[in-house]
Amino acid sequence: MAVPMAVMQSLMQKPISLLLKDNTVLEGVLESYDDYMNIVITNTEEITETNKRKLGTVILRGSNVVRISQK
Amino acid sequence: MAVPMAVMQSLMQKPISLLLKDNTVLEGVLESYDDYMNIVITNTEEITETNKRKLGTVILRGSNVVRISQK
Amino acid sequence: MAVPMAVMQSLMQKPISLLLKDNTVLEGVLESYDDYMNIVITNTEEITETNKRKLGTVILRGSNVVRISQK
Amino acid sequence: MAVPMAVMQSLMQKPISLLLKDNTVLEGVLESYDDYMNIVITNTEEITETNKRKLGTVILRGSNVVRISQK
Amino acid sequence: MAVPMAVMQSLMQKPISLLLKDNTVLEGVLESYDDYMNIVITNTEEITETNKRKLGTVILRGSNVVRISQK
Amino acid sequence: MAVPMAVMQSLMQKPISLLLKDNTVLEGVLESYDDYMNIVITNTEEITETNKRKLGTVILRGSNVVRISQK
């Protein structure tokens, strides 16, 4: 019965998959997050329906994150 | 006259159906939630108009959740 | 000159009509709400341009509610 | 140099025009508002590109209001 | 290294250009703002791809403002 | 394991690339930011699929920022 932020904590330094509001999927390693679900991921790869692109380290604003799961 | 968070509490460990902003429906078991309606569901299945897909355990950011009901 | 939350209070246990961000209309009985305008409605019916569907009791996240009026 | 909420206050009981996020225009009399710009308007008329419709008294959630002006 | 709100302050009573979420551009004079970036502009002109229209004084809800710059 | 705001701090006065909710990319120098991820960038260039345009100094509201990375 881990609360959402405890599940986030359990994903630290692990490969995650993120769905953003615009349907982009980002894959990378969860480097950090804060109370607003702002997130830093490293080795980020952006996956759209037609494309795959390396983005390095990115900061994501929490309000645009739809869902997060372990990869 | 249960307030919204009390109704959430009554759904704990039960199968729920979630409608997200992008019209995706997720079905799964409500594992936890917090004050922002961030939600953890397990045994998640994503149901779109054309597809059905298993997602395992996912963290959902509350701001992208439209509605929640017991399945 | 009732403030918005006082008008919400006056609608308790009454049939209401809700417009959501995705243009869906929900009709049902206002069971409860909180400060974020998260809302519980019972006997919910979802009305889209092409469809009408019973949803039972649903929890709505306030941020996706556009407007509320008595039915 | 009136701050936004002081300008809101000056519009109380006056006819206003509201643009919502979905491009709907609502016209009516400003009955009340709160700190989140949740708004109650009376004698509401909804104006879309193709239609005009009376809505009576409605509660609007602030986050879906784009702009407000005196009519 | 002025923080965002200090830059806002420096634009007071000056002509500004605002991009809204729906891609509308508003031009006018910055009359006031608050901590949520709710904004009052005067002598407002709405500029869409196909149209230009005078709006007078308008209150904008901060959450629908994308960017602000001096005109 | 730097938290998101610490990574923001490390980008101060550096060239960054910003993706906004409407898929516009802005490139410029990070001048300042605040707790809501409101951002000031200078020497801003707006890059859309079909266009490139100089915007000078702009204030961005945090809620419309999707992701930030060093250029």
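Chains here go by letter, A, B, C, D, E and F, matching the order in which they are written, and residues are numbered from 1 within each.
As a working rule, a residue touches a chain if its C-beta (ideal position, glycine included) is under 8 Å from a C-beta of that chain, and two chains touch if they have at least 3 such contacts.
Nothing here was measured: the structure is a model prediction, and the numbers come from that model.
Undergrad: Roughly how big is the turn, in degrees to the nearest 5, that lines up subunit C with subunit D by CA atoms?
TA: Angle of rotation between the two copies: 60 degrees.
Undergrad: Would you kindly say which chain has the C-alpha centre located farthest from the C-alpha centre of subunit E?
TA: Greatest centre separation from subunit E goes to chain B.
Undergrad: Which integer distance in Å separates the CA centroid of subunit A from that of subunit F?
TA: The mean C-alpha positions of subunit A and subunit F differ by 19 Å.
Undergrad: Go ahead and note the Å separation of the Cα centroids belonging to subunit D and subunit F.
TA: 32
Undergrad: What whole-Å value do you get for the distance between subunit B and subunit E if each is reduced to the mean of its CA atoms?
TA: One centre to the other, that is 37 Å.
Undergrad: In subunit E, which residues are in touch with two or more of the other chains?
TA: 21, 63
Undergrad: Among line, ring, star, complete and other, which best matches the way these chains touch?
TA: The chain contacts form a single closed ring, each chain touching exactly two others.
Undergrad: What order do the chains sit in around the ring if I start at subunit D and move toward subunit E?
TA: Read from subunit D toward subunit E, the cyclic arrangement is D, E, F, A, B, C.
Undergrad: Using the touch definition up top, name the residues of subunit A that touch subunit B in the complex.
TA: Those residues of subunit A that touch subunit B are 1-8, 21, 23, 37, 62-63, 65-70.
Undergrad: Which residues of subunit C touch subunit B once you look at their complex with the stated criterion?
TA: Residues 12-13, 20-22, 31-34, 38-40, 55-61, 63-64.
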